Amino acid sequence: MTVDVLYFAWVRERIGVPKETVQTEAATVAGLVEELRAREPRYAAAFEDVSALRVALDQELSDFDAPLEGVREVAFFPPMTGG
Amino acid sequence: MTVDVLYFAWVRERIGVPKETVQTEAATVAGLVEELRAREPRYAAAFEDVSALRVALDQELSDFDAPLEGVREVAFFPPMTGG
Amino acid sequence: MGEVRVQAEAFDAGAELNRFSQTQDGAGAVVSFTGVVRDVAGGLEAMEIEHYPGMTEKAIAGIVEEAQGRWPLTGALVIHRHGRLEPGAQIMMVATASAHRVAAFEAAEFLMDYLKSRAPFWKKELTREGAGWVAAVEADEDALKRW
Amino acid sequence: MGEVRVQAEAFDAGAELNRFSQTQDGAGAVVSFTGVVRDVAGGLEAMEIEHYPGMTEKAIAGIVEEAQGRWPLTGALVIHRHGRLEPGAQIMMVATASAHRVAAFEAAEFLMDYLKSRAPFWKKELTREGAGWVAAVEADEDALKRW
């Protein structure tokens, strides 16, 4: 399957792009993270500590155990600092 | 001694004047209230239940046991409803 | 640092908020509260607010000083009207500013709770059926125990 | 009943407060919060706020809806800026209105607490020495436990 993957804040800066389309066989977000980590050091650096990251699936906050099936947009980012 | 006595809200309405100068021998606020009550029915009506009243001495909230000595202005009123 | 105004005239809450905010150096958080005359039961023609000139200003200044002692405020503003107010009219406003949001919120709530029960104002409701003094609410006195 | 705006442009907090207040029929209490860029350590040139277009509006609308379910509000307003902001600039504002003051205050604090940690914004500080992302504060996450 194909998903759009978005990165924000320092995750975006480490990976170097705000958005890319990814071909994945992963069943869960955690599986997708493993695939990305294996790609290149910049991904390994961005995903070094997933406890420091948050994930949204189709623009809803979710978690790393969540299934990817049917998801079109995955976003990775650090904890939010609004307000 | 002589004190200015002020009345507010329904206390003022029952007594019929907003302010008067009173000659008193009372040592405390409670003593002054007794003297006023004895004057006329409109005072007795206003001071019927002092637990429903508040008192300020020289524009500071006080209580009915407080001494009157040195006080120039005594004000009686119901609980405040500001805000 | 603290500004207190007791007045019969209407005020412009938005303009007051902007003016207040512009003078709060170092503030990261500005909170405002505006109180509005409500026609709760229907038929309210006006609210008449009596106060104790002289004591009112002193009592509010004392409440503002107490708030400034409890929270690190860059400033605080209280405006309270008296006289005849129609439904929908703004009765009063409070504004507080601080480096952090919790202090600004708490100080504004503290000011409101104390103004309700410790500033010498009395409200009278004028309706088609007659006039009546608004009774103090026990919950308002209880609210002071929080602080 | 709930209005959400996510924008790069500055806003006029006072004008927004007045406009909001005028549409709150039955409200006796209007609370506003304005957040301002602070130069905490000295040397801040600007704050850059990144957000997640599309999700931001939805996330804030969800938080506003949650607040309206918890408190009897006549209305709520959230404005949040993104992009480059200089020290002293207003980042965001929240306004809530209700018949009673406690509901208006609590709903405004709830909105602020959730916007801090659940709306997809990220702040970057640009100083003379360089740039750094503002880290989320544990106290902000803890603040959500209150609700």
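Some points to look at:
For reference, chains read A, B, C and D in written order, and residue numbers begin at 1 within each chain.
We adopt the following convention: contacts are C-beta pairs under 8 Å (C-beta built on N, C-alpha and C of every residue); 3 or more make two chains touch, one makes a residue touch a chain.
Fair warning: this is a prediction, and the values are worked out from it, not measured in the lab.
When chain centres are defined as mean Cα coordinates, B lies farthest from subunit D. Centroids of subunit B and subunit D (each the mean of its C-alpha atoms) stand 49 Å apart. The distance from the centre of subunit C to the centre of subunit D, with each centre set as the mean of the Cα atoms, comes to 23 Å. Separating the centre of subunit B from that of subunit C, both taken as means of CA atoms, is a distance of 26 Å.
Counting partner chains per residue, subunit B has residues 83 touching two or more of them. Each of residues 35, 101, 112 in subunit D touches at least two other chains.
Of all possible chain pairs, the ones that touch are A-D, B-C, C-D. Put simply, subunit B touches subunit C in their complex at residues 6, 8-10, 12, 56, 59-61, 75, 77-83.
Across the interface of their complex, subunit C is touched by residues 12-18, 21, 24, 26-38, 90, 99, 101, 104-105, 108-109, 112 of subunit D.
By the touch rule above, subunit C contacts subunit B in their complex via residues 35, 50, 52, 54-55, 58-59, 80, 91-92, 112, 115-124, 133-136, 140-141.
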